[in-house]
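Pasting the structures in now, so scroll down.
Both complexes shown next keep subunit A, but they swap its partner, so subunit B is in the first and subunit C is in the second.
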Partner chain A sequence: MKIGIKAAVLAAVSALATGALSPAQSQNLTMAVGAQITSLDPHYHALSPNFAVATMIFDTLVQFDADAQMEPGLAESWKPVAPTVWEFKLRPNVRFHNGNPFTAEDVAFTIDRVPAVPNSPSSYAIYTRAIERVEVVDPVTVRFHTRSPYPVLPNDLSQVAMLDRETHDKASTDDFNSGKVAIGTGPFRYVDFRSGERLRLERNEEYWGQKPHWKAVDYRVVVNDSARTAGVLAGDVDFIDQVPTSDLSTLKRDQRVKIAEKDGLRIIFLALDHLHPEGSPQITGHDGKPLNKNPLLDLRVRKALSMAIDRQAIATRVMEGAAMPAGQFLPEGAFGHVPGLEAPKADPEGAKKLLAEAGYPDGFRITLSGPNDRYMNDGRIVQAIGQMWTRLGVRTTVDAQPWTTFVSRAGRQELSAFLVGWGSSSGEASNPLRSLVAGYNRDKGFGTSNRGRYSNPELDAKLEAALAELDDPKREALLQEATRIAMEDVAIIPIHIQKNLWAMRPNLRHESRADELTRAQDVRPAEAAR
Partner chain B sequence: MSVYLLRRLLQSVLVMLAMSVIVFVGVFAIGDPVEILISPDADQMERERAIKALGLDLPLWQQYLSFLGNALRGDLGRSFVFNEPALQLILQRMPATLELALGATFLALIIGLPLGLYAGLKPKSPVSSAIMAGSILGFSLPTFWVGLMLIMVFAVQLGWLPSTGRGPTVEVLGLHWSFLTWDGLRHLAMPALNLALFKISLVIRLTRAGVRETMLMDYVKFARAKGLSPARVTYVHVFKNIMIPVVTVVGLELGSTIAFSVVTESVFAWPGMGKLIIDSINVLDRPVIVAYLMMIVLMFITINLLVDLAYSALDPRVRLENK
Partner chain C sequence: MSTTTANTTPAAAEPVATPKVEGPWRRFISEFAESKLALLGLIVFVIIALVAIFAPWIAPQNPYDLAQLDIMDGRMEPGTVGGAGFTYWLGTDDQGRDMLSGIMYGLRISLLVGVGSAVIACAVGASLGMLAAYAGGRTDTVIMRLVDLQLSFPSILAALMILAFLGKGVMNVVLALVIVEWAYYARTVRGTALVERRREYIEAAQCLALPTRRIIFRHLLPNCMPPLIVVATMQIARAIALEATLSFLGLGVPITEPSLGLLISNGYEYMLSGKYWISFYPGIALLVTIVSINLMGDQLRDVLNPRLKK
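Here is the complex of A and B:
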């Protein structure tokens, strides 16, 4: 009882101090997010925090639901009408915030604008490149002609925010940031934006879909983890994302907040050097002399290194439960997930035996690198794996660095083994297969993030067949086969799939998303749930 | 005097040039901005396009020369990340940092000077010992930790003050200021105090040492013998003479507070320049880093100059001349 009174007094004092009513009554929502918004131009910088903001102000033809399954957005339906033609039926009577109607002409304009945004450090053109031309059939029908059969066009288009030809013709990135043309069809309208600080939004009363609960949203950028956590504890903000796992157990016990979690689409894995057959740059014998061949090219060594890792221990102890041990790219339920392909069990004895069979009974020395500021607890995961490997006889030097230096070195193939993460933006398996394990090939756009340069023609062939297969079940089977090949050949060593974490006031409810996006329309008062 | 100023100006141009070269080479050595900025989904073609769009395909010396050419015309380049002019980006956040730094310096002076004076005049009193012991804490506690503790106590436990952010701002002369509203002041209080803690201790110690030394001087004895009131001796004769080291140190401290209040700004999510520079370093946004550091160099040179001028005003023996 005493505690109850204390809590009530505390709540009253903080309500007085902040001058705010509880969010459910006030219809105002204050959110704090951990990642920087770099632009309001939805086609300027392809980055998931920017995309989260884009999906509040704008809409895409195809949307992802909370479980990363496609659902209709501005398009009501879509189907391939020929091997290289997709037809999309648009939602009629949708209007932009300024009253202009949304039509097929606007789709054609948007597809034209995407690759033409000047100075873009990372263009959304990667999602529209497959489109050769856009055919406007009538105001609510549009056909995309692709160069070759392209089954993942709907997935790609789920990343492209639709603009208005009339409003956004010649609109510059600055015009979006200043709010002049931050006009979409989305659930919220632009009010005010201060780069690096906050974005203010108000409800779009004319929204075509389910209207958001909040009349006004204050979307703040608070990069520091402790500051964000303190903010929600102090009641300055109602909702935060990227809850640090070190605070998880404290927050779970605290009455003032509620935690929401959701299995994500981001896999944390180790990549291994396949590029240097005559000895990997960071591997030596126990005498410190370089080896004359690269042990990582031996499947038994790769298997041993994978079996030596106790994934369960990492998930429960290092990650405080905010991770699921993984044996493949995607979690259950995702398109291309292989049923029954489990995370390898920790088996140090078996690993030792395999290592001996491969001709390394005493192991060797290796440097395991990784970032220390990029993924949840990345530096600590690398340390834990280093210890597990060392126990195997593979004496591991751990080298955790800031992402800026790390990623450049990994991209120059200077590392032998390193930890990275991958969020599958399309929610299906062709995305990680293509980027992470397909052989590096500029013309096909394969292997862009395959920094270990793994290469397997059999896998590439399956993937290429999948990328041209319009029939969903057949494509899924091909993707599953390719995934199985990659995992059995230990192309990468999967560690775990992260859980996404949010914390909020107890009177709120969040429809938590697998794709990590933090958006105001997913938050509602808890009582409205029933 | 004008020759002196001219020479200082020339020096500053040279230092800024050197700075820009160091930053250019430094960022180049750390890594490749495109690797960091680009979407992981981007293919090889897109990477090549981005490298070209940001002008990173040219050799470093060529990039530097074109930067220098633009800089002479007053254009310090556009941020890779925000696609806004780097200088504009920095200036937008300057008011936030300035009010934080000035607030902290103000606190340091109004708290530090009286306490230091007291400790200097009554060195034997237990209050003085307490002040001195407290100042050791102010020196030795890390800003980061103190900031978090302040938040824990005043925002999370007591709920008196807001934990993060800047609060409402008022537009004066086209810039946003928050110290003009009550809520803005409440937001300012904790970060300013956090930043001031070290400075308060510094001012206390400097003032005390100065007072102790000056009190034994002949002119103080003479002033007393002349029958001047203790107040006049303290506030006119002693005070004026101890101000020289205090002004120097506070001036330089103000500079470093403006330039490097990174820790406080990130703990309190204060949207100032310090946060901008750390964010920019994290994504290797070179135009912003270069512009920022060049501006900081300029600022330090200016502050040094002002300190020298303040010297000569406080102590007629100091002359600003070529030696």
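Here is the complex of A and C:
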């Protein structure tokens, strides 16, 4: 009898704990994300946490699926109708949250608004710059006229959230943040936003696509890694992103949570100083005196530095498996990935030989810089590479700094070798090639993040040809050739491609995304899978 | 107060102390040794100081030499034998750094920063305090308002701002701590000096027309020493703790030359994963160091404070 009561109580308690309160049944979802949302204005600050929120409230013409492949969004189809004209067919009968219809006029309005948002710290205008004018053919057809042939326009437009001409005419960024005009066509409607704290959303019952499972979403910002992890372990939140790798092995064994991981599009690499032929600012001989030439301009030295790095050790020991050693910009499956271009194997002996051939049998001294607050384990990776280079004979001083200090110094070409990362938002190879290794040219928008100032006319020619090629297979071949040139010339030293990590309660399922976005519509109850 | 009086008699009766009239040093030592805890503190501190000084010779590894670290030995449990062939008695951190060596070298930085900043801050603060007390008037006002201003700032906040401006590095940490701490010394010295300068021996010196510098340094300063020593001892402990805090927050020393604070900070992220040793042992080392200094400081205060004496 006694046992019976006990069992009944136990059953009731466990039912309470696991059943009644589980998110699957309550239709409420609490998420904690590690990065700040700086604005709800989808055109104000181009930053992936902001864009994740934008794609919950708004929609784009073209969407990326979980593997960063394009799929129809507010546009049902698109095709080039002339070398410099793209035609997009819009989805009919789509309505904004306030009931206004979505039409071609709204697309034209949006493209006009993007570059006009005042005080933008990082403008979305890079995605609309190629467009010279927008032609409204009929309410569901729109044509984009570009200055020159521009094959990646659909990729670019996947980053631009569509607004309503009527609602958002003259709407300021503050109006979005206050919620007044946070009105889109997306799967969720705005409820409440407290900057730096949380965003509340509710399901858009009239959504044109697959309706999200959750009636109410509490999207919290919890910047502290331990707090976020503890939150999901304690059951305070149902879902977190940016799981710290230091806790990864423990969490994988823990029954209370489930881990989801997905190969990302963000490559971590070392940039090298290609600018100073007369001697790099942070390279000296072992006697501390500056060298009269820059050893990094010698391909053999660059190769040696790359071969000395044990990428597998970094991936397993520093990243706890949350990284794939990389030999090029993009992972397999991405447009422009070169099949067979593997990550260089660690070969300290070969590296020593190459270094001796180049005339540095005893190596030299170098400072390796990097941020300590930006990428997963950035400070630790820099230290680990410092170990490997020092063992090669290249005595390395490690200088890990806060991102803001670091990036301004790197941008002034004060550093000799430094670790940075690059997330290829468009999911294809022209993006990293153009930004990271194309010769620096402000007017063309080339090499905007080429902080080492690598320059190779052969590569630039291939890239320009690719950027004007509308035929997909031909373009991919050109991009692959350009990538191969960059990698064989060791323009940069690729380290690894990050895996994105999420943790959630075991009764949830996540369609994990390559582009790092953490969104409520990607989370569903696990039962629904079966 | 009565206990102190009672205790001096047996101490004086000890054979070592009997032959002559007790010299001031001998009396100081015997009074200090009355507290067994303070003696223990002293012994522990001496051991820690020796370890710190001789770390390059006794540590199994140079934790600041990247060539001696191996990432494959990272996060090993205490007692594991690593790739280099020796045993990591206290385990390794995430970079494969031997924790025992790391702590020895870390103590070096902690003591260097603690003692170094205390000595410099003491010299600066004492000089200014003395000047304020002796000169009086406007000089006094200016210096003491500066002290007030300095003391009204939380020291950690002030140190953070200074380091954000100066950048990382051991010497910058020392400088920041000097700027933060000199005010304590200035205030202490001024208070004592104000009392002392009205004493007859100063008046006598002034009557002899001795130069001011000589009066300040040869007559006034030695008589202000006791409280200064006490403050200095306490401030060393405070400076060590402050350095650890700054390093923990990532503003102190470079990541390849970790001090105790940075070692703790490195391991802190692994706490949830049960890899306790990365934070735990440096934490213990820091704790023991600070407690031993504070124990000495407490007893010094009792011994040197004239009001607590007979």
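Just so it is clear, the second predicted complex is superposed on the first by the 510 of 530 C-alpha atoms of A that agree within 3 Å, B and C clash if a C-alpha of one lies under 4 Å from a C-alpha of the other, contacts with A are read in each partner's own complex, and residues count from 1 in each chain.
The rule we apply is simple: a contact is a pair of C-beta atoms (placed from the backbone, for glycine too) under 8 Å apart; a residue touches a chain by one contact, two chains touch by 3 or more.
Being a predicted model, the structure only gives us computed values, none of them experimental.
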{"item": "Clash or fit (per the criteria above) of subunit B with subunit C on subunit A", "value": "fit"}
{"item": "First, second, both or neither for A:Asp236, with subunit B first and subunit C second", "value": "first"}
{"item": "First (subunit B), second (subunit C), both or neither touched by A:Ser226", "value": "both"}
{"item": "Partner chain in contact with A:Thr397 - subunit B first, subunit C second, else both or neither", "value": "second"}
{"item": "Which superposed partner A:Val81 touches (first subunit B, second subunit C, both, neither)", "value": "neither"}
{"item": "Contacts of A:Ala461 with subunit B and subunit C, given as first, second, both or neither", "value": "neither"}
{"item": "Touching partner for A:Gln36 - first (subunit B), second (subunit C), both, neither", "value": "first"}
{"item": "Which superposed partner A:Ser408 touches (first subunit B, second subunit C, both, neither)", "value": "first"}
{"item": "Contacts of A:Leu47 with subunit B and subunit C, given as first, second, both or neither", "value": "first"}
{"item": "Touching partner for A:Ser246 - first (subunit B), second (subunit C), both, neither", "value": "second"}
{"item": "Closest Cα approach, subunit C to subunit B, once both complexes are overlaid on chain A (Å)", "value": "6"}
{"item": "Overlapping contact positions on subunit A, where the subunit C interface meets the subunit B interface", "value": "226, 230"}
{"item": "List of subunit B residues in touch with subunit A within their complex", "value": "30-47, 49-50, 53-54, 78, 80-84, 89, 92-93, 148, 151-152, 155-166, 183, 266-269, 271, 275-276, 279, 281-284"}
{"item": "Complex contacts: residues of subunit A adjacent to subunit C", "value": "225-226, 229-230, 244, 246-247, 249-250, 310, 313-314, 317-318, 372, 379-380, 383-384, 386-387, 390-391, 395-400"}
{"item": "Contact set on subunit C toward subunit A in their complex", "value": "65-67, 69-72, 74, 94-96, 250, 254-256, 269-274"}
{"item": "Residues of subunit A touching subunit B in the complex", "value": "10, 13-14, 17-19, 32, 36, 38-39, 44-47, 118-123, 125-127, 129, 173-174, 177, 194-198, 220-224, 226-228, 230-231, 233-237, 373, 402-405, 407-409, 411, 422-423, 425, 431, 435, 442, 445, 448-449"}
